[in-house]
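For clarity, chains are labelled A, B, C and D in written order, and residue numbers in each chain start from 1.
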C-alpha cells in the first residue's frame, strides 16, 4: 500500500495516520524523495483502504500487491522522465542513445569519442573509470583522475557522462563529475550501494544482475527509490544461460515486461547482451523495436586495441550506421 | 569437408575418390538429397584439399570445421529458399507469416481461422493434430481425421499447412495433407524422427529444444539434410532459463547467429518465446527486426476458450494488428 | 483422483462408477497395468470422495493433487520393487549397481566387462547398441546384432542387461534380449516412445531430460504407468546449467525429492552427472548417501580407447574401488 | 607465474628480479600476505622459468595457467588450515560443523542456540546481524549491537562466530566480535569488499554467487589472497537453475572440483543449497560424503517463528540427529 502525502501535511495529521495504519497491523516505511513524501505500508490483512485514504494529509492511496511498490506502474501510471539538463531528456517515445568505450583510457581517446558522438548527434557518453574485473591482476581503470579529465572534455562539448560506481565510498568524489551513476551487474544486489545511491539527487541506472530476475531488478530499484531517489533507469544487459554461442542471452522479453510492470525508463545494452561485435546491431535494433527507451553501446576507434575487452565493441563506422538505423526503427515504432 | 559430386560422376571415379579420401584417414558419409550428391568427410588431419578437389567427378570442395557440415554457410553461401508451391515461398528478404491455433478443434474453427488468414493476406496456417502434452491425461489432438478435414478446407482456400509430427509412424499417413512437417521442441533430438524426415521430400521446420544449444539445432538440421532432405527451416521458440516472469526466454541472439552460421531460413515463434499473450507483439516485432525470415503465431477466435492452453494466443484483432506492424518492420529492414 | 478397482468388478458396477464420476464433471482415464486396474479422474471440483469410494467394485480411492497421479507417493505409500528374476531385485534399502561401457564394441569387450562385473559381485550390465549422437556422422552403435551377441554372453554368465531404446520400432526386436529398457535424456519427452513402453512388461528406466524438471520426469513416468507398465525406474543424470567446469550439474537435490514424491526407485548416473572421470567417485558416493536406490556407472577396460566418448569412463580398477566404497556407504545409510 | 620470495630478500635483489620479469613482457603484482611475500606475474610468453627461479631472493617459482593463481593447488599442494584459536581448527580430514539461525534475534535465542551447540559438541555459530534482503521493507538484522551481545555470550561459552559482512564500512566495527567474516552470494563479485577483506587478518568465507561459476569463486578468493589474507574458506550454497522443485540446485560437483583445483577448505551450505527443511539432511550428508571440509546449517528452536525465513531451518532435534549422522559419514570417509 502506497500513501502519497500532501506536501504540507501537519505533524499531527501524520501521527494520526501512522496510528491508524498501525491498527491494521501493517508496518510502515516513510519515504521522502526529491519530489514527494510517501508512506509505504506492508502487511497482509484485507481492509477498505478508503478508511485511510480519507484521512487529512493523504493526497492519494493505492494498493500494490507486487513485492516492489514505488517503482510499480500499478501505483504510478505515467512514465518517469529523466532530465539530465541542457535539453538532454530520457523519456518514453524518444530513444536515448549512449555510447562510448568500455574503459576510459586517455585524453585522446575521450576526445575522439566525443567527436564521434557529436558527429552523430548523441549527447550521452559511457565509459568506465572503475572497472569490476574478475581477476585482481587486470587493469581496473583510471579512477577519479580519469573521470575528472573526461568530465572537463565532456562539459566543454556539451556531453553528459554515465559511468559505473562500484562502492559507496566513491559516490562523493564522483558526484561532481557524473550525470548518471551506473550500477553494474555484479553489484545488482549490493544493497548498501543501492541505499547510498538513493540518497543522491542524480539519476541511477541499474543493470540487471548476471542471473537476476526481473523482479529482483525492480526490487533493487525499490531500494534506490525508497531511500529518496526517484530518478532511476533500468537496464537489460543479458542473462547467464547454458548457451555458449553468445556471451550472454539478451532477454528481449524483459523489455516489454519491465515497461509494463514499472513506470521507469528501460535501457538496452546489446553489447553485453550478446557479447559479439558482429551481432550487436541486430540485437540493438530488436531491443528498440521491442520498446526500449534507450540503448547503451560500446564503441571504440580501434576495438582491437581497446584497454579492456573489445570483443563486443563497435568501431566508429559501425556505430554510426547503427545510430541511423535505430532512428529509422523509432520512426515506425512511433507511427 | 564437403565434396559436392558432379551429377554424372562415374562409379569408377567415385570409387577412386573414396579410395583417395580413405588414404587421408577421413571417414566418409555419402549424402544424396533431392537436388545433389555429396560426400561428407570427417577427420582431423590437415592436408591440401585440392588434391581431392582436382579429381574427376568433383564439382566443388569445401573445408567446414563446424560440427555441422551441409547446413553450414561456410560451405553454401546463398540462402536456402523453401518453395511451397502456388507462389508461397519462404526466403530471406520476405517475411513468411504463419498463424493458427494451438490445436485443430473443429471444422468451424478451421474455417474461421482460414478466413482470418485470407483477410490478412496470409497463406500458411499452423495447428496441431498430434499434441505433445506433459500429462497423459490431457487432450492429445484430433489426429489424422482432424488433419484430413483441415486439409480439405485449406486446399479449397489456397492455404498451406504446417503441423507437428511426433513419430516416424505418423509421417506416411500425414504426408499427403501436410506442406511443412514441424518437429517440436521435445523431439529436437529424436534422431530417428530426424532421420525419417530426411527421407521425405517436403519441408521440415525444426524447433530448437527446450534447452537446446544453437549448435544442437544445426546438428539436428544436419541429420535431416544428410538423410536427403535439403528443405529445412530452423525455429527459435524460446529457451528454458531461471526467469519465471515469462514462460520461456526468447533468445533474440539466436536469430542473427543462426542467419550467420547457416544458409537455412530462420523462423521466430514469439508465442512460445514469451508465453504471455499481451507481450507477444513486441517480441514478434523484435524478432523480425533482428532478421527472422518468418514468424509463427498462435491465434484463435476466442483464446479463452481454446482447447489447448490459450495463454499465449492472440485473438483475430490482435493478430491482424500484428501482421500489419510486421509488414511495417519489413519495410525499414529492407530499406 | 485415483480409484483402484477390485479385480472382479462387474461391468455393471464399472458403468455405474463411470456414470457417477461423470456427474462430478471429472474426466476419467481407464488404466490397466500388469498388476491392477485403475480409474484416474482429473478435474477441479471439490467433493466428498467417499461418495465414490463407497460404490461397489472400488478397492481404494485417493485424492492426488499432483499433476502426476499413479507414480505419486500420495497414493501408493510402499516403495515399488523391480524384480529382474534370478534373485536380481532393485529395491529401497539395497543398492543396485549397474556398470558397463558407453557402447558395446565387441565380444571381447563384453566378456572382459562381464568378468569385471562378476569379480565385483555385480549382476546388471549397461551398454549402448543404439547410440543417440548429436552428429549424424558419428558411430551409432552395433544395433540389434550387437545386442544379441551381448545377450548370449550375458545370459551364460547370469548378467542382466540394461540398454537404451531410441524408437518404438526397436522395442519388439529388442524385447527378448533386454532386462531393462532405458529411455535416454534426449527422449525424455518422446511421448510416443513412453506410450509404447507402457505396453511392455519389462522394466523401463527413464532418464531425466537434459533440462527436464523433476515434475516432467514424474509425468514421463505417468505416461508409462498409465499405459500399463508399473515397472519404472527414475534416473537422475545431471542437468544443463551455465556452469562449464563440469559437463552437467548433477542435481543431488533430485534424489531426496524424487524419493519423497514417488514410490518408484531412483537411480543415480554420476558418470554423466559430472562427466569427468576423476570426479565420478565422489559424486557416486554422494548420490548413494543422499538415498539413491541404485547407481549406473560407465566402465571400460581402457577408457582412452573406448569407441564412444570415454572422458567420464572409469577403468576396471577405479570402478572396483568405487563399488567397495559404495557398499561401505550403504552400511552407514542402513545403520 | 608465482614467485615466492625469501623473507629476507634484499631490495636490490627484488629490483633485479622485477627487472628480469619485465624483460619477459610479464606484468607483476606484488603480494604480501600475513605469512609470506610473492610476486604474481601474468603474461603469455613461454620461457624457461628457471632463468628467474635461480635469481637470489627467490624461494620458489611455479607456472600456474589458471586465471586464479595463489589459490590454485597447482602452486600450493598442501591444504590450507584455518586456525580459529582455542583448538578450533578447520582442516581437511576433519568436519567443521557450523550452525545457527538465519538472523540473530535476541539474547534468549542466542543462549538457546549456544546451549544446543554445546550439547552437540559444536564450536562455531552462524547467524546474521546484517541481512541482505531483496525488499527494502524487510527486517535487515540487529546490526552491530546484536553482534556485540552475541559476542559476549559466545565468548563466555567458548563459541566462535561466523557472520556476514555486507559492506567495507562494517569491517572495522565488526572486527573485534567476529571469528570468520562471511561474504554472501549477492556480494560474491563485490570486488571492493573482497579487496578490503584481503587486508584483514581474520578468516573469510566466500559464498559462491547465485549463478557464479566455480572459476569466479576461485577468482574472488584470489582477490582476498592477493590483498594479503591467506585465510579463506570457499562455500558451495546452491546455484540458480530452471528447476523450481527446490529453491536452489546444490552443486555437488563443485565439492570435488574445488577440492581438486584449490588448496582452500570447502564448506557446504545444504540449507540454502536445497532450501527445503525436510531435505536438508540428505544433501548435507551427500556433501560430506563428497569431500566437504565443513558444513554450515541453519537451526532455530522454533523454525516456524524465526524472524527471517525459516523454510530451510532445522529445529534442534533434527539438527542434533544430523550432526550425529555427519560424524558417522566422516568415519567411513576417513577409513
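Everything that follows uses one rule, which is that contacts are C-beta pairs under 8 Å (C-beta built on N, C-alpha and C of every residue); 3 or more make two chains touch, one makes a residue touch a chain.
Worth saying up front: this structure is predicted, and the values here are computed from it rather than measured.
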In terms of mean CA position, the chain most removed from subunit A is C
Of A-B and A-D, pair with higher C-beta contact tally: A-B
Separation of the C-alpha centres, subunit A versus subunit B, in whole Å, is 38
Round to the nearest whole Å and give the separation of the Cα centres of subunit A and subunit D. 33
Residues of subunit C that touch at least two other chains are 211, 240-242, 244
Contacts from subunit D onto subunit C in the complex sit at residues 211, 213-215, 239, 241-246, 249-257, 260, 273-274, 278-279, 282-283, 285-291, 325, 328-329, 331-332, 335
State the interface residues of subunit C toward subunit A in the complex, per the touch definition above. 211, 240-242, 244
Complex contact set, residues of subunit A against subunit D: 27, 29, 40, 42, 67-69, 132-137, 166-169, 186-187, 189-192, 195, 209-211, 216, 219, 222-223, 226-227, 240
